[in-house]
Every structure is written in C-alpha cells, then in structure tokens.
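The next part holds the structures, each set out as structure tokens.
In what comes next, subunit A is part of two complexes: it sits with subunit B in the first one and with subunit C in the second one.
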Partner chain A sequence: MNNRLHILLVLPGVLLVVALLVAPLYFVFLDTIPDLEHPFSLYEAFLEKGFHQKIIIRTIRVALITTMICVILAYPCAFFIARYARRFKAVLIVIAVFPLLLSPVVRSFAWMAILGKNGFVNDLLLFFRIIQEPVQMLYTEGAVIVGLTYLFLPLMILPLVGVIENIEEDLLDSAKSLGAKDIIVFFQIILPLSASGLLVGCILVFTGSLTAYTTPRLLGGDQAMTLSTLIYQNAMTLFEWDAASVIAIIMITLTILVMKIIGSLATRMNPDV
Partner chain B sequence: MKKSVFFVLLILLSINGVIFAKEKLVISTWGYNGDLLKKYVYAPFEEKYDVEIVIESGNNAARLNKLKLRKGKGTDLIYLVESYTKDAIEAGLIAKIDRSNLPNVSQIYQLARAPFGNDYGPAYTVMRAGIIYDTAQISDPITSWNDLWRSNLAGKISVPNITTSAGPTIVLTAGRHVNVNAFNKPDLAFKSLRQMKNNVLKTYNRSSNLANMFAQGEISAGVALNFVFSRVKKAVPSAVWVDPVEGSYASLNTINVVKGSPNKELAEKFINHILSEKIQRDIALAGVDSPVNVNVKLSAKEAEGLTYGKDLIASFQDVDWGSVNSNKKVWIENWNEIFSN
Partner chain C sequence: MKRSGLVLIVSILLVYIFLIGPLVIIGFSGFNESEFLDFPPKVYSFRWFFRIFESDMFVSAFQTSLLISVLGATGALLVGLPAAYSLSRTRAKWRRSVLSLFMSPVIVPGVVLGFALLKHVVIALDIEVWTGMVMGHMLIMLPYVIRVIVSSLSNVPIEIEEAAVSLGCSNTHAFLIVVLPNIRSGILAACLLAFITSLNDVPVTIFLTGPGVTTLPIQMLSYVEYYFDPTVSALSVLLMLLTVAIMIVIESTMGLSFFTKK
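This part shows the complex of A and B:
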C-alpha cells in the first residue's frame, strides 16, 4: 500500500518529465535518422566537414578553458566565504551570484564597454603607456571566455562553499600541526573532500559554456562561432531542422561524455563521490 | 435578487463582447518604430475600418519560421524583405491578391509594384545598400565598392552577415570586384571575398551591432542599408554615407496577405492604405521608411537618410532573389568557411 502511494506520488512528476523532456529529445533524435539503412548518414555528413570539426573543437575548448578558470578563481572565493566571511557571508554570496541576476545582453554590453578599443582596459593600458595603440580584445575567443567566466563563476562558487563549510576545521589544523604546508593541505585534504562540489560546479559551468548563445554571439567574432550559433543558423535561417537536430544531439552527447569524464576524475580524487 | 441582476448583466456584457467585438487584423512585422507606426499607420486604419490591429513582431527568419510551423494560421498580413518573401511564396504561404483592391499601386514606382509578379503583394518601401565610413579615421575617401579591398582598411570594416537582408549582396559585390557574376562563378566570387576577409573585423547580424562597433571605435567603415546611417551618425558625427560609384543594390520590403487569412479583403485594404500618398509622406517625415509613392514630394532636408528620388531609384541594380535563395545553403557554407575559420 505504502509502495503504491509512493508510486502514485511520483507518477505525475515522472509523466511530466517524460512528456516534456524525454519525448521531445526522442523526436529530435528521430529527425536525425533519415532511414534505417544509413541511420547515421546525417551525422557522417556533418562530421566529415573540416569546418564543422573546427567548430566542435572550438566549442569544447572554450567550455573547458572557462571551466578551468572558474575552478581556479572559485576556490579562493569559496574558501574565504565558507571560512572567514562569518556575518558577511550572506552579503558575499549575493555579490557572487550578482552576474546571474543580470540579463545576458546587458552583461555582454558591459563587457563591450570594458574590452572595446575605446574601453576601460585599453584606456588604462594606454594611460600607463603599456601599449602605444588600442589592442583588439573584443570579438575574439578571449572575450568570449572572459564573458562566460563572469557569467558562470557563481555556479562554481556556490557548490564549493557548501562542501568547504562541511570540512572539519580540526582536520586542517591537524594536517598543519603535522607539518603539512598549505599547498599540501589544499591538494591532499581540501580538494578531495570538496570533490562533490567541484563535480557539480564543473558540470554546471561546462554545460552552460558549451550551450551558451548570447555571450559568444555578442562578444565573439566570426572566428568564435560555436555549436549553439550554428544551431540557430540552421534552424532559423536555413530552416534545416534536421541539421539543427544533428548538432543538438552531438551537443548532448558531448555533454554526457564530458560529465562522465569529470565524474570519474572526481571519483579518483575521492572514491566516496 | 441582487445576485440575479448581477448575473444577467454579466451575461449581457459577455454577449455584447462576443457580438460587438471588433474584427481583428493580425500583422506580422518587425519590432522597430512600433510607436510611430501605431500613430501614423495603424491607428488611422483602425479608425477608418473599425478594426483592431494586432502586431506579431520579430525578425524575418523567426516570423517566417513561425508561419511555416503554423501553416499560415493566425496571421493575416506579413511584412518581409525580398529573399524571405520569395521563400514564403515558394512554401505556399502567400495568398494571391486581388489587385482591384489596391488602386494606390498605380501611384508607386515601377520596381515596387510587383516584385514577385502581379499575384503577390507590392513593396511599400525601398532601401539601398551603401558604405558608411568615419572621416575622422579614414582620410583617403571611400567612393567605390572596390575600396573595401584596400589594404589600409585591414581589420577596420564590418559587413552584414550573409544571413541578413543585405548579406547576399556582399557576395554579389565580391563577384563584381573580379568582374564575374557570383551566380555563374561562385568560386571566383568567394575567392574575392576571401581577399576582403583580412579587412573585416566582424560581420554583423543586427544594425544596432554596426552602430555599436562604430561607437566603440572598433571599426571605421561598414556596408549597411541606408536606414542604419542615422543611428551611426548620432554615435559618430564624423561618419558619412557613400553611394558607391558603381551603383547600389536595392532592398525592397514587401507586404503580403497570408494564405488562408479569413480577412483577405480587409488585409488588401490595409496594403492599399500603406501605399497611399498621405501615409507614405507621414511615415517618411517621421524617418521610418523611404516612400515609394511617386506623389510624395520631400525637400532635400526631409529626404536626408531616405532612399528618395526617381534618378536614385532608377540607378539600382536588380537582385535575383530566386537565385539567391536556391544558392543560399551553399553560399552560407562557403561564407562560414571563410569568416569562421
């Protein structure tokens, strides 16, 4: 009886997920199979083009670099918020989350004003005579990575704050009292014990960067075309929904693959993850 | 008692709403200048025909896509640029119009009367592609399309992306630069485009992107449709508009009745309305659209920034949008190969 009740309670949610997530994905996948004799011909046609391979590699590269930068920047922030912020913790978390509260368009235009030839960074470099004429920063892959890092950093900080808070202070003190240097404490204690938060953060940042549309479109140049911009072009300009579906399935597969890799790395750091 | 009176009133009001609800005309158009269009175009029509106009806004691609997915249902009229109009006609989404309901067509320029034949809608405005450049940054004047290949413009220009209204004309221009027709010799046209690539900092998808790039000092020159110039001029006062010596390509915006529209006759009256001398003048003076009605007379100051005048309009070169559309997929792939690599 109890089991039946559990099933009944879960059923509406499951049906909703099946109807609104699984079924649409299934139909998107079906669109990519033209016939059973050559089921993957559309994928082959897409992947054999060197230009498409470059876009896939560029998209993964941008997502991976963004994720790595977020990890490097998020650890000190998360550690400070979790350990030392005390009564300012709530304020600092709101500040950390602030980029997520802004519209992607507003955020990107702010970066345009900062990275532009007449922007703040170029003005500063010119003022200190580090450069003689403005440097092209906008409309490059670097500008996209900066924009994505700013956007997704909170998604790395928040899960890390949660796990770092739960690491016993005594454990760190014990390690230090036994002569471990700070860097050893970080790599042998903090990193393994925060692996679950790191895993969640990496998945959120990587997936978000891989599928981001507005930031690469506004801050990136033509050479920064990514899979999501290519999907838009195929669906909305060429009305080639099959090709757009192929790219969507490739993006989903890439995301699952990278999630598995990140997951296994996290398990190697801490088998309990 | 009070309750029954209340319910009777409620029922009467509902019936009144159903019986006396105004007829609705659903128009799919761009989202720009909504307030001015409401004031000068929609409101007078609503008043004259006691009808309510409902606007669906978006860019060409998004609106046409929506129309395709809904098989034309729910929309009476659609504004599109030429290439998308051709696409909509080929998809069977456009109704054949009754020209006897459009007497004002006789007052508009020949090139705007029937861009896709007498069965389909006219163009209500005309634009032209040209070059905008910042005289404060470029001392050597730009006068020709060929100047876009000048080596001293490396990384200083922007052109419309091939997926935009004016994008395909860049391929045609690249062909013309090496004296070939891009439709017949696409390889040579794209080779010529590849030579221009070094000068292109970024292609743009929205006119606001171009204005921003000028404002931020990212670019010093760009190819654009004439309506963009006023925005750029506002941001960069030293910017000037150039009609290249070889002439320009015209870009027409059309209006068509959607197939299956239950308000076809009213929709045709709307087309006739926007071609009238008064509406064309009002909208030109408001700086929204260039007039195609030959009876609209504007002073040089009033015509600033508009595509106006018989001589100018006669100098335009036709674009074969049917051929552009049939080559679109290959052209976009070639374009991506050049600019995204």
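This part shows the complex of A and C:
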C-alpha cells in the first residue's frame, strides 16, 4: 500500500486530536499572554499570591512523596511476584490490576470511610486507647498522600514486574556465588536492569499524582488543595478564567518537565534504556 | 537469606492488605443495616441496594454514562481502527509522531483537557452539552483503542494479507475477511478498556457536565460530599462486580499480562 493511502487512514484521527486537543490547548496558551509587551503579566499576578505558591509547592511535594512511597512498597512486591510467586503470580497480578480498573471515586470514598472522624482508623486507635478523642485525618495533606499512594501503587508494581521477569536468574546466582550480599545484588544488578520499568512507573505515578483530581477533592477538600482542584475552583466556581488558563499551562509544563527529568535520570542509571 | 525471605513475604502481605483492605471495608459497609459506615456491620441488610434503584439520581446518571461511552467508543473505533491499521503497517517517517499525537490525551492532565475543551470548543463554538460530552469521551478513549488494536495487529503477519491480495482480493476485501477476524478479540478488549476509561472519568467530564447531563462518577462525587451513608458503598459493590466481569473478558481475550507490558 502506498504512503498516500496510509496518510488518508490516519487523517480523521489526527484531525480529531488536533481539533479537540492541540488547538484548544494552543488557544489556552494564547489566553495567558494577552499583552505581548508584558508577556508574563498574568503569570506574575498569579504567582504573586502566597496562597498560590503554597498550592504549587504542595502539589509537587505530594507527588514526590507519593512516588517515593510507591517505589519503596512496589519493589519487594514486584520482585516477589516476578520471581517467587509461581502459582500465585496470576492471582497477585489480578489483585493489583483490579483497583486500577475501579472508579477513582470508589477508591477515594473508601479512604473517606477509613480516615473519617468515625472511621475505621479512629475506631481502632480509640479501642486501643492510643487516643482519647477522634483525630482529624481527612482534609489533610497526609490523607491526600495515602489516597494517591493507594490509587497509583499498582502502576508502579506492574511495569516493575514486567522488567524483573526478564532478568536472567544466572546473573543473580553468579553474583551471589561470587560473594555479593543481597543489598549489593539489588543496587548493582536488579536496579540497573529494572531501570526501564522503574522509569515507566515513576513517570506514571508522579504525573498521575501531580494531576489527579478526584482524590485531592475528596480527601484534601478546601484545606489541602492541589493545582487540579485549584484549576476547577477558578474555572467553575470563581470564573477566574485567566487564572485557570495560567494553571493549565503550569500543569502541562510541570508534567513535561517531570517526564524529561525522570527520563534523563533513568538513562544515567542504565544507558541502554 | 531465610530471614530476608521472611521480611519479603511479610512486606508483600502488608502491601496486599493495603490494596484489598479498603475495598473489603467498603464492600461490607454496603450491606450495613445502619446509616453509618461502621466496620464490621452489626446487622446486615440489602436496604442500601434498594435505595440506589429507588432514587432516580443514580439510575439516570448510569444511563447517561452508558450512552456517552457507547457513542464515544463507536466514534473512537471509527477513526481509531483505520489509524491503528495504518500505523501497524506503514514504515513512513511520520509514524512515530502520529503515534505520540494519538497518545497525547493520556499525557495532558485531565483537568487541563476538560478546561480547554470547555472554553475553546464547547463555549467558543456554542456546542450542546451532550455533543461536547461525547466529543470529550471520544478523545480520552482514542489512545486506548489505538494502542490495543495496534498491538493486536502486530500479531497478524502481513504475509497472510499479501497472500489474499495476490490471490485477487482488493485491499479492503482482504482487510475485512482476513485481518478483521484475526483482531476481533483485540477490538473487544479495546472497547472494554475504552468503556471503563469513559465510565470512570472524572477530571475531563466534570468540566463538561450541564443541566440534566451528569455521569455516574460525577453524581457519586457530589453525593458523597453531602451525604455520608452506605448508598455509595452499595453502589461500589455493584461497580466492583462490573469490573470483575470486564476483567474476566479482558483476560480471556488478550490476557491480563497486557498490564505488565507498557
């Protein structure tokens, strides 16, 4: 088949994405620079407010902490699933995939019930007399981090399983027979060889946490706002569309920046990625 | 080694309790007789399940969700299938950039996508709420449709198609009778994945809802912000059952290993 026919076949899809995504985003970008003499005036006005600075920093901090927790929790899990689980492997993967396909509203709601004033955690702490009165856990940054970790942990486990499966058993055995300790085996062999999966996982979790909407809205509320709840508030309740456009561009820039940074880190860990 | 093995197993157990625990708690609270989400429930009943169907709010939202995702998936399939075919067969230079263009709806933050669509498509062109919603969902489903069908097509060797053509089939005919039957399960999996993406979407949809047009997750979101009773727990149980059903079909069509290979 010739090239012209191939172009004809992708054309409707390309036009759709250009009309519904590329063009609208370009116009949003143009909205943020209404005056070419002072191209950054809207950004300056937005960033001047301490409230906004706080939210930007919180969003990045929350995403960073969530990603780190996910890496720490996912590595042993993925290693076990990929190497030792055998007949439980399928079950363990199914359990990891299941929450991914479930509505984020359901998954955040579950944590509202667990962390609430009369929730499971407070009941437990009261029962063991660790606390005397229910503690406020909902609508805090911590609640958002827990909710996001819950939301995105499978996205770290699954790509890691994929790459750890492909590490040759002989490689680990020979390292050990030459006297390498477990920790050396991990840092010298497993980590570099699973860098590609780690990269995918980190990008998915970090950008996901940076831009998640449902979880910060339900678990963070107005007290622990992030950029995505801020853009919604500005666009739909305050009708501050200039501010919303600025947030949109900041969010896209952050997302691309994160992908570039994590990508270059992974290349440094293993140049073959 | 023995001790580190034990540490490994305990840590995996804890991670899996973390993954399943919340869903178990929600599941139980859906069968709670009382109005609170206490765990474990003292008396069990189905009253909250009946509540879902008694009020029109969730039923009509689910119908809206269903209609939007069916229309959106049809649209995404109509433009996605030819595109996926061409992407899997061409070696042209533009292949990579077109592929990443098609994946961009996943990369652009949902709230940004929703806001841009609302401001510069729905409001700028004065489009009806319904149409805007279907367009938005078509856009977020397209990447899944294309990715799954491209990977499904890569398992169909180009030779069998060439054989059909050399025996006198036209290109279109060869596609319909040789290629299409071979990617049937891929198309089914693509549709299911697209369906679940659309059914669960909040960030894009929340900008596009309008009077009388609300999807199920948006309805649930606003409900739990005002009422804190087991209705949504019961609804969650139903959604979990739906998810299990969809997972079984995905497993039987393309295998869940799809999720470990990105």
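Assorted remarks:
As a convention for this text, the second predicted complex is superposed on the first by the 251 of 273 C-alpha atoms of A that agree within 3 Å, B and C clash if a C-alpha of one lies under 4 Å from a C-alpha of the other, contacts with A are read in each partner's own complex, and residues count from 1 in each chain.
Following the convention adopted for this analysis, a residue touches a chain if its C-beta (ideal position, glycine included) is under 8 Å from a C-beta of that chain, and two chains touch if they have at least 3 such contacts.
The model shown is predicted, which means the values in this text are computed figures rather than measured ones.
Model built by superposing both complexes on subunit A: subunit B and subunit C clash.
Comparing subunit B with subunit C, more residues of subunit A are touched by C. Of the two partner chains placed around the shared chain by superposition, neither subunit B nor subunit C is touched by A:Leu198. Once the two complexes are overlaid on the shared chain, A:Met225 sits against subunit B while remaining clear of subunit C.
Contacts of A:Glu240 after superposition: subunit B is touched, whereas subunit C is not reached.
In the superposed pair of complexes, A:Pro99 makes contact with subunit C only, with no contact to subunit B.
In the overlay built on the shared chain, the residue A:Ala63 is in contact with neither subunit B nor subunit C. Legend: residue contacts after superposition of the two complexes on their common chain; A:Gly116 is shown touching both subunit B and subunit C. Of the two partner chains placed by superposition, only subunit C is touched by A:Leu153; subunit B is not.
After overlaying the two complexes on the shared chain, residue contacts for A:Tyr139 are found with subunit B alone; subunit C is out of touch.
Of 24-32, 60-68, 222-230 or 240-248, the segment of subunit C running into subunit B after the two structures are fitted on chain A is 222-230.
Shared contact residues of subunit A with subunit B and subunit C: 109, 112-113, 116, 118-119, 217, 235-236. Against subunit C, the residues of subunit A that register as touching in their complex are 1, 3, 5-7, 9-10, 12-14, 16-25, 27-28, 31, 73-74, 76-77, 79-80, 84, 90, 92-107, 109-114, 116, 118-120, 123, 150, 153-154, 158-159, 161-162, 165, 182, 200, 207, 210-214, 217-218, 228, 231-232, 235-236, 241, 244-245, 248, 251-252, 255, 259. Contact residues on subunit B toward subunit A in their complex (touch as defined above): 61-62, 65, 68, 155, 163, 200-203, 205, 212, 216-218, 328-329, 332-333, 336-337, 339-341. Note for the complex: subunit C touches subunit A at residues 1, 4, 8-9, 11-12, 15-16, 18-20, 22-23, 25-26, 29, 36-39, 78-80, 82-83, 85-87, 89-90, 92, 94, 98, 101-102, 104-105, 107-113, 115-121, 124, 135-136, 138-139, 142, 146, 171, 196, 199-200, 202-203, 206-207, 216-217, 220-221, 224-225, 228, 232-233, 235-236, 239-240, 243-244, 246-247, 251, 256-257, 259-262.
By the touch criterion stated above, subunit A contacts subunit B in their complex at residues 51, 54-55, 109, 112-113, 116-119, 134, 136, 138-139, 217, 221-223, 225, 233, 235-240.
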